[in-house]
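Presented sequentially are two complexes of subunit A, the first with subunit B as partner and the second with subunit C.
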Partner chain A sequence: MNALLERPPAPAAPALPLTVRAGGPLQTLDRRPMAPFAAPVLDFLSALSHDLLASPDARRHPDIATFAFWCRRGHLQPMAEAWARGPARVGRGLVLHIAPGNVPVNFAFSLAFGMLAGNANIVRVAEVERAQTTVLCAALQRRFADPRHAVVAARNRVVQYARDDTVTAALSAQAAARVLWGGDRTIAHLRSLPAPPRCVDVAFADRYSLAMLDARAVNEAGSQALADLVRGFFHDAYLQDQDACSSPQLVVWQGEPAACAQARQRFWPALDALLEREYALAPIHAVDKLVQLCRAAAALPQAQSSVRHGNRIHRVQLQSLPAGIEQHRGHAGFFFEVDTTGFEPLAGVVDARLQTLTTFGLDRQALARRVVELGLTGIDRIVPVGQALAIGLVWDGHDLVSTLSRIVEVP
Partner chain B sequence: MTRPDFSGWLARPPYGSEAQAKDAAMTAAMNELTEWHATQCAPYRRMLTLLGAAGHAARTLDEVPYLPVRLFKEMDLRSVDAQAVFKTLSSSGTTGQQVSRIHLDRDNAAMQTRVLGRLVGDALGHKRLPMLVIDSPAVLKDRQAFSARGAGILGFSVFGLDRSFALDADMRIDLPAIEAFLQRHAGRPLLVFGFTYMIWAHFLQALRERGLCLPLADGVLLHGGGWKKLAAQAVDAAEFRRVVQQCTGMTRVVNYYGMVEQTGSIAIECEQGRLHVSDFSDLIVRDPVDFHPLGVGQVGLIETLSVLPLSYPGHALLTEDMGRIDGIDDCPCGRRGKTFTITGRLPKAELRGCSDTYERAA
Partner chain C sequence: MNNLEKYDATFVDTLMVGRDALAALKYQDVEAWDSVGHMQLMNALEEAFGIEMDIDDIIAFSGHEAGKGILAKYGVQL
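Right, the complex of A and B next:
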């Protein structure tokens, strides 16, 4: 009907030295955007979710199960309806994703975000293959091969290549948006690769996260509530060995000193009991934590003591919160803790690097209002303990559907 | 506090103490050193505070607070003024890796040499022998920052005469130099020294390729520096010995275990093939997960203790080597003390977290 819509996909650059892990050759990529939450995308993600949840892989990899559960129609459909009530939107075109290597399912989330915002996507997965990468690429490939999902298959590729600026530069030069995951230096480097003038970059750089627990709430929690709290914290902190940006590094106790002391006596031993049953500490991490303790001793005059629970938990008590606390990360169960009353002591040291605040027994809406009122540069998420790793379409303070699509305005 | 002084220990035989007396002497020495470094090195004092070990003495050797050896790769820890530093040793990291920096003052360096002399003398005899180093003279070029290899060569050179190098600047076998050395010392006992992997990769392989056998039957080969790279090539101590004998005729092959962080107080293999802890040092094997001390025969993480470190707080160090204690005061060679075996390195962990990606060289 319309010759413009019938034109073949734009010819791609000459073949690049990369491996396509899911999807057809790059030259056949269809870069034409669609509306956010387009039906073919919801159908595809729903089918993918179904496949993954039905496979034994989801039981082996809880992170794959989390992704599959996130992609199910029942979760995405209400969002689709909410977005449909807004102004007319369309994806930006081709989105290039440089995915993180160490939270292995995040490449799939990044891809799903790009799809849901209405884009064609090229996702570069890290060179070091993880079991989850293999499982997810195979699942994507199976559904791409299904003719019912041809529209989505034509627009999406997962690729793998050694760190190579020529490849990344060639892909960047065609990108309408880039989603960049990595350390600060990596982000700065990737941003220096030229992209079209209207290209939008979303950078997920290194972040720092903390938990804020109300001492009285911990002290008054029944045994089930305490068990849930401890399990949630375990999930947030230990599932990714505390290396996820949203895993807590710092535990801020809210309350009078005596109440805080009592709460610590309830919380940490309960966590340790859970760890003893369910967490296998790698010996190298035990040594890492001793190194961290010595490092903290030398670098932080505010550190006054430490408690170790069989090397499973190292916690360092701070007399007060130092500026620059976000420079001190833990790993595999190493925490700083401090007693405070009110939000102000924390507000005084909040830096743009702060991402997730997980809470227990506190009014999250009130805390969010304080972040705004005080004009803080950090804290993008305030979620209950247990939800730290729950990635979604709003992440790091970005609304990804908005950022990765454009409004077609009719004033 | 006055500086601890263990030079009196040099008057005693290096493997003379039986277990109980050794434990008591070593624990007392360690307490003295912990206190010394706590008064001299502020970051160390802070570490003791956070470890909960400040201000009270260890009752047993395994209670002595220890630092992870890796810390010396991250931090400059000194217990003497910067002006007193006489030389700085660095471990031999491959390019890009962080290396340890160990700051020595004159007394500490001198004591290292004296203890090393006692231990090597006990193993090889006190007469200085013509010395052939299986390495390149280029390793000694940078006198400012000694690499572990350079420090090792210099340290052991005091036991040799007419030190000569068997490899050229490009780590190729230097046959004319070796022939000249052998001509000068024909028929005399010789000391051949080098690092295990360098000997294997640059000396023995070169000899094998050329089908050469050097007339070194009168030599004793002293070597150390770790088996990690050789283990990766499936070469163990027996295979190493076999090829040494095949290519050089040497039947006396003596391995030692030591680290730049505790230079001097090395453990040397006896005639029975066991590595011996001397009276100047000690060794504890710990559970790799919770660090509780393990008994004889149990494999775990190695902690090494040494009375030598005075200019830096390195008297008790948790290494990343795995091994086991094989016996205490029971080696048929007659030396007292612990004997042990190194079984490997602590495996590296897979990283998790979100900041890998385009990674590491950007």
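Right, the complex of A and C next:
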């Protein structure tokens, strides 16, 4: 190994009032970047993937299984090969991640994105401990302790601390990039904390998502295809109680009114039957939904009627799509729905807040072209129903490997 | 252990099913082969045979018999 690589880590940071949940003390953090998809990172993530998938925790927490499946070698290696064909790249250095509280496994994804882009990382997990946080931190810590993963262990920390600007500011001051998750106000506040001049911020703020279903495709779907559609929608909307940014809040039916009416008669009862078998609604959510219903009726003149399937599904039918629909969010099974023909009625109300469009029976490439041609400010993802929560290295319209690394250009 | 034995052993270990039930076994036939079990099984097969499967093949992997043809695409002869 040459002398440069043996250089000791950068100067130590002062001790901060925080708890390290995975990794050694902050003072020993090695901030030196590596190439994206460096072999030690792929080795580490595939070992982590193996541990998690083999443990009973994967069965208790399907979201952990999904994370583990995402970071297995079979998924990452082909991406590594694709990136290796591009220009020379290296990570930016130290990335500070302020992880979200609404989706508990996203801190692990955020960490993995930072690692894969070639960085050292400090991830702050939300103060409210979720079962997934405990499981994932323990799994990370076990692998960090394995001498075979010393290169990765030296560069990564998961920390937890009460909301404290002095801590976040001290960490921000050392960051080459920040990945900020949170509500709009949280993001605005975090961004106001000073960072070095070249620091790059990636902000994952509040977003709004919807499903667009082709009525004819729903009407013509065989029983297996309908069951798959309903299960996919259940996964998208109910797995995180509609709290994820990519969970649908609005269902846009494509087709003539009679076809849409028929499709609704197939879709919602099938979903309700699945929910009856597999979804336990907390009583508080049932009350929330009634409150939402009253609020929507008062705020939206376009609301013409509502239908309830027990307490599991509340849906409000809109005569047309109002501007500002993204201000109306549901929770734990509360949807707006509208009948439309063509993409234009939706395009007319698309706002920068719109993130994921899940579709059934529609040409996603053609929809993506329309987003570009019409110069829309929102819609970053168009995926089949069932894939709403499938987070990846391109998220919210950002290519995270690109953003969190730099090109060493040789023109 | 030849490839077929390895293939069967991966099913038995991951899904906790008896060897005699394997031939007719399909996705969601047993409780352990649900969506999480599917991820565990696909990962175990990738590790056992040192392959990286395409997402379309992972979705198409609908049963013990169907999986043999899929693995053949990756040069694994069973």
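Criterion: the second predicted complex is superposed on the first by the 406 of 411 C-alpha atoms of A that agree within 3 Å, B and C clash if a C-alpha of one lies under 4 Å from a C-alpha of the other, contacts with A are read in each partner's own complex, and residues count from 1 in each chain.
Keep this in mind: a residue touches a chain if its C-beta (ideal position, glycine included) is under 8 Å from a C-beta of that chain, and two chains touch if they have at least 3 such contacts.
In this text the structure is predicted, and so the values were computed from the model without any measurement.
Of the two partner chains placed around the shared chain by superposition, subunit C is the only one that A:His50 touches, whereas subunit B remains out of contact. Of the two partner chains placed by the overlay, neither subunit B nor subunit C lies in contact with A:Arg148. In the superposed model, A:Arg369 makes contact with neither subunit B nor subunit C.
Once the two structures are superposed, subunit B and subunit C can be ranked by residues of subunit A touched, with B on top. Of the two partner chains placed by superposition, only subunit C is touched by A:Ala58; subunit B is not. Residue contacts after overlaying the shared chain place A:Asn102 against subunit B, while subunit C stays out of touching range. Of the two partner chains, subunit B is the only one touched by A:Ala298; subunit C is not.
The part of subunit C that touches subunit A in the complex is made up of residues 35-36, 39-40, 42-44, 46-47, 51-53. By the touch rule above, subunit A contacts subunit C in their complex via residues 49-50, 53-54, 58-59, 62, 65-66, 68-69, 72-75, 77-78. Put simply, subunit B touches subunit A in their complex at residues 43, 46-47, 49-52, 67-68, 70-71, 74-75, 288-291, 301, 318, 320, 346-349, 351-362.
The touching residues of subunit A, when paired with subunit B in their complex, are 98-103, 106, 124, 126, 128, 163, 168, 181-183, 185-186, 189-190, 204, 206, 240-245, 247, 281-287, 290-291, 293-298, 301, 303-306, 310-311, 316.
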